[in-house]
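Each structure below appears as structure tokens.
Paired with chain B in one complex and with chain C in the other, chain A is shared by the two complexes that follow.
Moving on to the complex of A and B:
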């Protein structure tokens, strides 16, 4: 009888290697979340949607870059790119937030996380950063493609490239703002339910239902109401912050209420994060 | 050395619900059964040991560490298997356990190695690359056990590990737990509401009821003193009972049998001699172990 191919039970081996602690666990959860956002390490079905959205944004960016290189008067800035793709971002967030958060609630995996060194705050931070990065990449990479297009076709040499860089930086900052605000709202809604479809519906509903409020407020016969109409919806809120802080022209007249947009955006992000934390503190104790 | 020591441990939830009250136990390494009815406070006890909730009163030490202030150190040495379903259906067991190993702070390569080791130890081989959603209940329970084992803890806390398993699955799971406790050198606390199940594999038992400690002791000391000999003869049982009584053995009747407490090996000889003296046909003479359950019920009635 041949002895080859026999697997010997070498018994249980103790682990003597390093244990890296919380920071490493947060980092691993962040990378895991970011990969999951684009369907990596998940089923083929989970890859379709994120890559479809990413494909569309990149395609739009390539077209814009091509048009820009041919028609110098075509003024479609980096900030306009975000504003025009807002609905695509909303759908991306509506699919992504439940995939990152609701899935864990549904499968009941949270007790396994929280019986490890990970704390509620660590979990929230890792998931939040993963999603902010994912949304930012979705906008930032196409913006970079637009930048490359512009930089390689510029006729002003190095100073032309430098001008583009100065345009790109606020564009990236604006994308980050989109990512921060949409992520905090999306995660908060998704953390309330284990059903991914409900969470996605809830997120879209928030953006859908606030848009008409802006429409109504902006036609009221009061200039203060008109100026502050944008506060009512996350999308116009971001546009407002953009036009106040970055001076972009978005057809929304803020009057002298610009700072209020900034304050509301900051408070909204902070409040959503605090509520998320409170929610997970409760979940972690169960 | 005690692995778990509590002193007057009390936990009262908001709303005045007392989950644990005045629980004082000292647990030695080994396989420990934590038994009690549903709602007796087993899960609360486990959560306190993991530092998930803080006790309202008293103290608890796990490996002489305080779970409240030294949470990370405790959790590095403790593995937890929850009672409920806790597995995502759309990933493979290998990926899932690797991910949780990384959550325990293991580096990437070590996490992958330990995950396949842990899955092998619980008896999952090639199946581990399949998605968990297609697993049987028995296989899912094994994955849950593997994730508790993956970071090489010194203590496993298993909450109802045999839940939902068929008799064969139960036996396999209990055998596995026993093997972990004896061969792997890992102490195991097995939570269960089925006493008969845990007494087969445990070295010691902690029984709680309504948040209070009913009894905590080694199984051997619970059963040793209570062994009885069951004697059955074909006829003239009364005569034998009287005879044994004369010999100083406290006999009780149970149907056609006589029960004699076995204080020493002498009892055997005395019974045999009595039977032969009376020229009776001995039908049976065997040592009967008290089931631990009987002890608890006896103790319970005394308490009340």
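Moving on to the complex of A and C:
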């Protein structure tokens, strides 16, 4: 029995290394979000759906590139590629957005994130950029495969390749537009609920239920309503912006309302981001 | 058993959750009403609203939310344990939940479809659409209920079924239509009230037999799965 107590030094230390700050936190969230988008660093089960979608898009691109190289008259542009795969993009967004934001709500890590130097805006920006990158990669990589197919089989030498590049650039820009709009809507819906299932269902419901509205508006007996029918659904909205800005052909007649499509797309993205910021002003501590 | 049903119903409709089921049916009624108000010919908008929105989106999506919600949310929360430990046959648990899910889906889908049918044609068309929707509710909810026991990601698989199987493949690959509930529903509705608005692609006998088969097989599998249900930890 010792008479005086001894406090042993068991080696606790303060952290004295460099503090990385906000930029590093945003970067970490971004990288983590992008990896999680494709299930990297997660179990095999989490990889099934993203890679299923990615595999289908790449497969479609390879088929198109092959057909294009055999049949010169086959006109299937980079822009058409996005339009035709819109269902897959919806599905991808419905998987991705809940995985990025709903999981954080469900597992109650938001208070932990926000007890760091990270601000709400940083969190939103990191998640938004990660998802935009993921969706853009989903579309941009197959487009690039199509480009490679066309570039290597061109018969005009460098000028042929240059023509393809000039086609590819607007195609990539168009994909970016898809990514921006779908990401902002998807993240907004997913941030409202902690249940991934509800979030996925809600996103799909929003995209699907707006499509028939376009069909109805386009048969109304008013030419203004017909021209602006595409505004009702995100898919046709993007097609409208594409045909206004890039001059691609869609089934919808825009009339002179093309700029309105551009304005609405911009406002929709901005409004979704602002609402997302407002939503993360306050987070429940579980 | 009635207690299980009551708990399930409260889980579905409790607090504000019932509001989640409202927007889709309201949109369906609203669109039909707008077209009717503009005095448009139903042949122009009927197919888009009834088939494109009603049977292709409203019915499956609501069935998906309800069908996976009745059991899946309890599996997620871990509250399923409390029900499983009660001296109840697991068959009864499934049946009670299935009945609640079917009633909820049928009510929320058949009413707007009836209204849409009424506005697009006659009350008879409305009744035919509503009955077809009820039949579809049985098949869809049985299928999604089974999914919520077979996998930890029932909603995603359900979306694959709705979007890719019925939406993408069902349009182009005729063989997949035999296993598409959407096509059964359209066939049944078209049989009850033949109209140009509906374009059935499978025979009505096939539709009825396959719908019943869907309900029975899925329910049996669900009962079987719940019988050997083991509690696992959080998935990836």
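By our rule, the second predicted complex is superposed on the first by the 271 of 286 C-alpha atoms of A that agree within 3 Å, B and C clash if a C-alpha of one lies under 4 Å from a C-alpha of the other, contacts with A are read in each partner's own complex, and residues count from 1 in each chain.
Basically, contacts are C-beta pairs under 8 Å (C-beta built on N, C-alpha and C of every residue); 3 or more make two chains touch, one makes a residue touch a chain.
Computed from a predicted model, the values in this text were never measured in an experiment.
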With the two complexes superposed on chain A, say which partner A:11 touches: chain B (first), chain C (second), both, or neither. first
Partner chain(s) touched by A:124 [first = chain B, second = chain C, both, neither]: neither
Can A:43 be said to touch chain B (first), chain C (second), both, or neither? both
Between chain B (first) and chain C (second), which does A:135 come into contact with in this model arrangement: first, second, both, or neither? neither
Check the residue A:179 against both partner chains and state whether it touches chain B (first), chain C (second), both, or neither. neither
Just chain B (first), just chain C (second), both, or neither: which does A:232 touch? neither
Chain B versus chain C as contact partner of A:21, first or second or both or neither: first
Touched partner set for A:115, first chain B, second chain C, both or neither: first
Counting only touches as set out at the top, which of chain B and chain C does A:61 meet: first, second, both, neither? neither
Let me check the overlay on chain A: which residues of chain A are in contact with chain B and also with chain C? 42-43, 46
Once bound in the complex, which stretches of chain A touch chain B? 11-15, 17-22, 24-25, 28-29, 32, 41-43, 46, 103-104, 107-109, 111-118, 284-285
In the complex with chain A, residue positions of chain B that touch it: 47, 50, 52-53, 71-72, 75-76, 78, 80, 82, 84-91, 95, 99-100, 102-107, 110, 114, 117, 121, 131, 147, 151-152, 183-185
Chain C residues touching chain A in their complex are 20, 23-24, 27, 31, 34-35, 38, 40, 44-45, 48-49, 52-53, 56-58, 61, 64-65, 68-69, 72-73, 76, 152-156, 159-160, 162-164, 167-168, 235-236
Mind listing the chain A positions that touch chain C in their complex? 42-43, 45-46, 49, 87, 90-91, 94-95, 195-198, 200-202, 204-205, 208-209, 211-213, 215-216, 219-221
